[in-house]
Amino acid sequence: MDFGSENTSPVHPAFAQAFVTANEGYATNFEAERWTERALRALRDFFETDELWAFTVSTGTAANAIALGAMVPPYGAILCHWDAHIATDECGAPEMYSFGARQVPLAGDHGRISPEALSKHLREARFGVVHAVQPAVLSLTNLTEAGTAYSPDEVAALTAVARKAGLGVHLDGARFANAAASRNASPAELSWKAGIDILTLGTTKSGSFGAETIVAFSPKYNTALAFLRKRGGHFAPKSRFLGAQIETYVQDGLWLANARHANRAARRMSEGLAGLAGVTLIHPTEGNEVFVSMPDAMIDALARAGCKFQRDWRMDPRHHRFVTSWATSDDDVDRMLDVCRSAEGSDARRP
Amino acid sequence: MDFGSENTSPVHPAFAQAFVTANEGYATNFEAERWTERALRALRDFFETDELWAFTVSTGTAANAIALGAMVPPYGAILCHWDAHIATDECGAPEMYSFGARQVPLAGDHGRISPEALSKHLREARFGVVHAVQPAVLSLTNLTEAGTAYSPDEVAALTAVARKAGLGVHLDGARFANAAASRNASPAELSWKAGIDILTLGTTKSGSFGAETIVAFSPKYNTALAFLRKRGGHFAPKSRFLGAQIETYVQDGLWLANARHANRAARRMSEGLAGLAGVTLIHPTEGNEVFVSMPDAMIDALARAGCKFQRDWRMDPRHHRFVTSWATSDDDVDRMLDVCRSAEGSDARRP
Amino acid sequence: MDFGSENTSPVHPAFAQAFVTANEGYATNFEAERWTERALRALRDFFETDELWAFTVSTGTAANAIALGAMVPPYGAILCHWDAHIATDECGAPEMYSFGARQVPLAGDHGRISPEALSKHLREARFGVVHAVQPAVLSLTNLTEAGTAYSPDEVAALTAVARKAGLGVHLDGARFANAAASRNASPAELSWKAGIDILTLGTTKSGSFGAETIVAFSPKYNTALAFLRKRGGHFAPKSRFLGAQIETYVQDGLWLANARHANRAARRMSEGLAGLAGVTLIHPTEGNEVFVSMPDAMIDALARAGCKFQRDWRMDPRHHRFVTSWATSDDDVDRMLDVCRSAEGSDARRP
Amino acid sequence: MDFGSENTSPVHPAFAQAFVTANEGYATNFEAERWTERALRALRDFFETDELWAFTVSTGTAANAIALGAMVPPYGAILCHWDAHIATDECGAPEMYSFGARQVPLAGDHGRISPEALSKHLREARFGVVHAVQPAVLSLTNLTEAGTAYSPDEVAALTAVARKAGLGVHLDGARFANAAASRNASPAELSWKAGIDILTLGTTKSGSFGAETIVAFSPKYNTALAFLRKRGGHFAPKSRFLGAQIETYVQDGLWLANARHANRAARRMSEGLAGLAGVTLIHPTEGNEVFVSMPDAMIDALARAGCKFQRDWRMDPRHHRFVTSWATSDDDVDRMLDVCRSAEGSDARRP
């Protein structure tokens, strides 16, 4: 029972097989080979557009930081939810890749940016005044860091406000597949059709070894993206192994199957927990993450049972996170619920 | 016949097997797992010291840039050979990770820094004067970019000069194994025993999927290395696959076997070419790289035969590079030599 | 009637005279002259300590940014009030000079950081975790941007919390003299005795041509400060004119006389406005700044009378700022109050 | 007798008077006043073009670094003479303001870049290849750091090569007036008419308190220049004192009178020295700087006589620099020559 992160799971067999296949014979390095080319073609099909360029890297932090670095000037500001991964868990990588642009935290319930908060900030920003940093990019996350899923309309409502003020829009899609599965929306509907300029598409949390793609829906960022990727040390010489992962992810519906599986497991857990005394869901379970407060006795019981999860999320002792993945079985979830149930009622200290 | 780079070769079976083995069950992410721990232990054996910390990343550019960024202040200077990889092929990554430190190119034959050039530069550097950038790091490369190998004594002679002036010393070891094999020196003799503070140890060119380790022989850089790696987007969540590669590389002598194999292949090629009319070796062949000038007819013949190599190295039409790897067979080399031989004498346009 | 900023006033005659005096004969450039030496001695007297080093620059933004850049690593965070000048009016200069450190906005009434907000942030900061930026500096402002003055005890209470968590403390003292005059505290009591590591001491708003000094109460930042100042282009060749301003400011009590004068003028304005219908003081007037909301009719009347002030402070149409300086006369204030009085009661649209 | 630098001289009376005049009454801060406006108008007359924008700062290092930072991307390269001030005496400020762009040193006699060296570098640069930094700006200096003066034709020959390769061109004009006086060329002829995009125009070395202007001959850099200046802490609140200096410099021919005076003094010194035994001119004296090697006895005699100059220029014990300024009198020069003459022949150790 490991619900610590999708990244603690083993790699999905399809990706393991892709590495075996890609390792046949010689291949030109630095993307001048057919796996990268096939990945690009597959992504264009996946997103239903030929106006798409892709820059693959090995981590999500790199993907976000390079994307944002290409979009924002050093004197610019990146508007994002206060709880966004770029704000909380990337050690200032976006600041590094943008040479000191500022992240501006915006409010909103359950990880979603409030359109009102966004509008208010933009109204009060001093555009053109050299004393003030200049809002340049809106960065969304879908799934949000609270495990909720924006719908295409919700994304479009926010991007419309941003675009009117001249901002570009970035989407952190580390769990993009889970959002698409949750909202039953196509990749195109949740990205460029809803006003996204650059999407960072994650495959790592979906079961790959480690491959994230900066998907640019406009060529205007390409030069900056290409040089920033190299300069950041993220241009992989044996690129065929990144290309092979991307292709594997998008083809044959693996992305969707894995996401649906993980989402279903989280819903199963969420529904099971909701019925327990002393357990409160902190955010609605819309993807593959469950955020709860629960009695100490349950936490202790889970620890004794060897169940792994993120305790004290955001340093809050009443806030815990459980994540499911392609590898989570119904049995894993049921065993976890059994442990919780066994501890039900035996502790009243929390919450 | 592909002599373009070690990185065009397929991955060595031992690394492929390591991935299969590492992919069993769940493992805590971000290095809190046993593969990373085992890799660290293996590296301490390899380098014969427990005063060693390791930070693994996915590319050589990242390894060099993070190491240098941790060693040099923004107002500092990095002294390196004008032909060093950090100077020529990393798009200013060291400048990015050091927030603008300067690379100072030094002279020296065949890729080796001349001790006199180093001494002269340090004598004329204005230490303590705020108008001048301050020499802070000497960066060596072994194998050098000219394919030559420093001996332990040659390394020690340079590091002694650097240390006397208060500089730290970095060694770019993308082809460290080839240098060690060439000089019949142990990893310890070619690194900390010869005065190296941080070594970036490559496994990618030795046949892995992609894993480079920043090996620090002093704890004083650890905080900066750890945060800079994360901030650069190089802290891999599925760290077990990096750890597994490092362990595979250093254990059972794979590193040395692969390096010896590649070096032998290069020597075979070099000796074969040396006997051909119109062919001149530009640098002595001390590792797994052969640098030559050759008649146009040979170049054309090689191209027609589908042989891959780096033409016009450093934009010089009389300078070509051939690289061998663990995967290069004697037959590959002999076929290449046959093609060259077939074109011998038919062209006098180029020397 | 110009209450737009202290910086719209003419330069005080003492500074003008200092330039005439300093312009006699030749003087070595770059601080190797006697004016800089005398300024340093004068500052050591002023702050009652010989453990003091000074780095003079021409703007307050430069002073703050260089000081912070020397104190915080790129992966660090600067904790400051959300309304601080470094956060609102310096276009990210602290981010530039720190190579991307993050400013973390803290809450607190009337421009003062709440000790509870500071403690809470530090309690929840993930020290030592590479995914999170690391709190490194507490930056205070005195006078605050709301025109209020911290007492020595209030400063000490905040610095104690910061130091316990290992942070350094910076004080933006663009209006340090006004704070000292307001609190009847000595420069030492309001700075190093209260736990400040580096103070940026402004003379510009006190009537000089433009000279701000980074005052470091510990030598440990000196190397970074010296090189960062030069690298930022802030090491003035004709340094004697900066030194002469610093000396003029601290000697003969000019700093205190000017501050008391300005504070008295602001109090006169504040007391006069407080009696007018429809006028509300937004912050208590503790220094030389008056923040009010007032009826539109008064605003219009002031505009018609040619009175200058900052309308719509922080983009808020109900928030206006009036600043007094050494040059403000009682008559200026009284005329301004007369204009307001003349418009009293004629407008009810605004509060 | 002080020939250490123009900046050791007193400020010229016209600039002192300008400060008195500018200090009358209140003036809006941050350039929204008439002195800045008048300076802009004066510069447009001076350069005979209305396509000109100006950004004034307080030091030459700031002017150069901000200009270059606006022109070059972080992955770009700045091509300059190896002896250029930006390369030798600004502690990497251009690297800081460009977020890590690289300075590439080019060869050429007497401080002038050789057109062949420039062409060769551009021919071998790997444009469009992400592994290599991309040449983006050619930076010239006039007077050069060797005290020589490019003619308009020489400038145009170099800018033509640069423009053909897509580079912008920057001119460091700290001693622009001396170059114009030397070459009898108009400001326009030596700048935009010869292909310069941005000129950093110095007044400090011409006798002002300290004012340098970034003169942009195209609006395309304006946004970057404005924000970078603020972000670097170089946007002066009491801007009227910068504007007043610029206006003073360009009006009434002060710039040319001062430059001619200084150039004449240098020529007098140079001609005097040329006739002395053991003295060799290292560079031709084309402006207000004299570079010589001279016997130790002369150096000692000058030191004993209290004569100031730059000994051991570039750390070379046979290389000394003497600079003249608006304040240098014929008598100063003659006394210096007398001292040298008195020591003539008494020492043969150098050179």
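Labels A, B, C and D are assigned to the chains in the order they are written; within every chain, residues are numbered from 1.
As a convention for this text, contacts are C-beta pairs under 8 Å (C-beta built on N, C-alpha and C of every residue); 3 or more make two chains touch, one makes a residue touch a chain.
The model shown is predicted, which means the values in this text are computed figures rather than measured ones.
Fewest steps needed to get from chain A to chain C, stepping only to touching chains, is 1. Distance between Cα centroids is largest for the pairing of chain B with C.
Across the two candidate interfaces, B-C and B-D, the one carrying more C-beta contacts is B-D. The distance from the centre of chain B to the centre of chain C, with each centre set as the mean of the Cα atoms, comes to 51 Å.
Between the CA-based centres of chain A and chain B the separation comes to 34 Å, rounded to the whole angstrom. If you average the CA atoms of chain B and of chain D, the two centres end up 42 Å from each other.
Residue positions 74-75, 90-92, 96, 99, 130-131, 227, 230-231, 235 of chain C each touch two or more of the other chains. The touching residues of chain A, counted against chain D in their complex, run 73-75, 99, 130-131, 134, 224, 226-231, 235. Within the complex, the chain A residues that touch chain B are 2, 4-5, 7-11, 16, 19-20, 23-29, 57-66, 90-93, 96-97, 204, 209-210, 227, 230-238, 241, 308, 327. Note for the complex: chain A touches chain C at residues 74-75, 88-92, 95-96, 98-103, 123-126, 130-133, 314-316.
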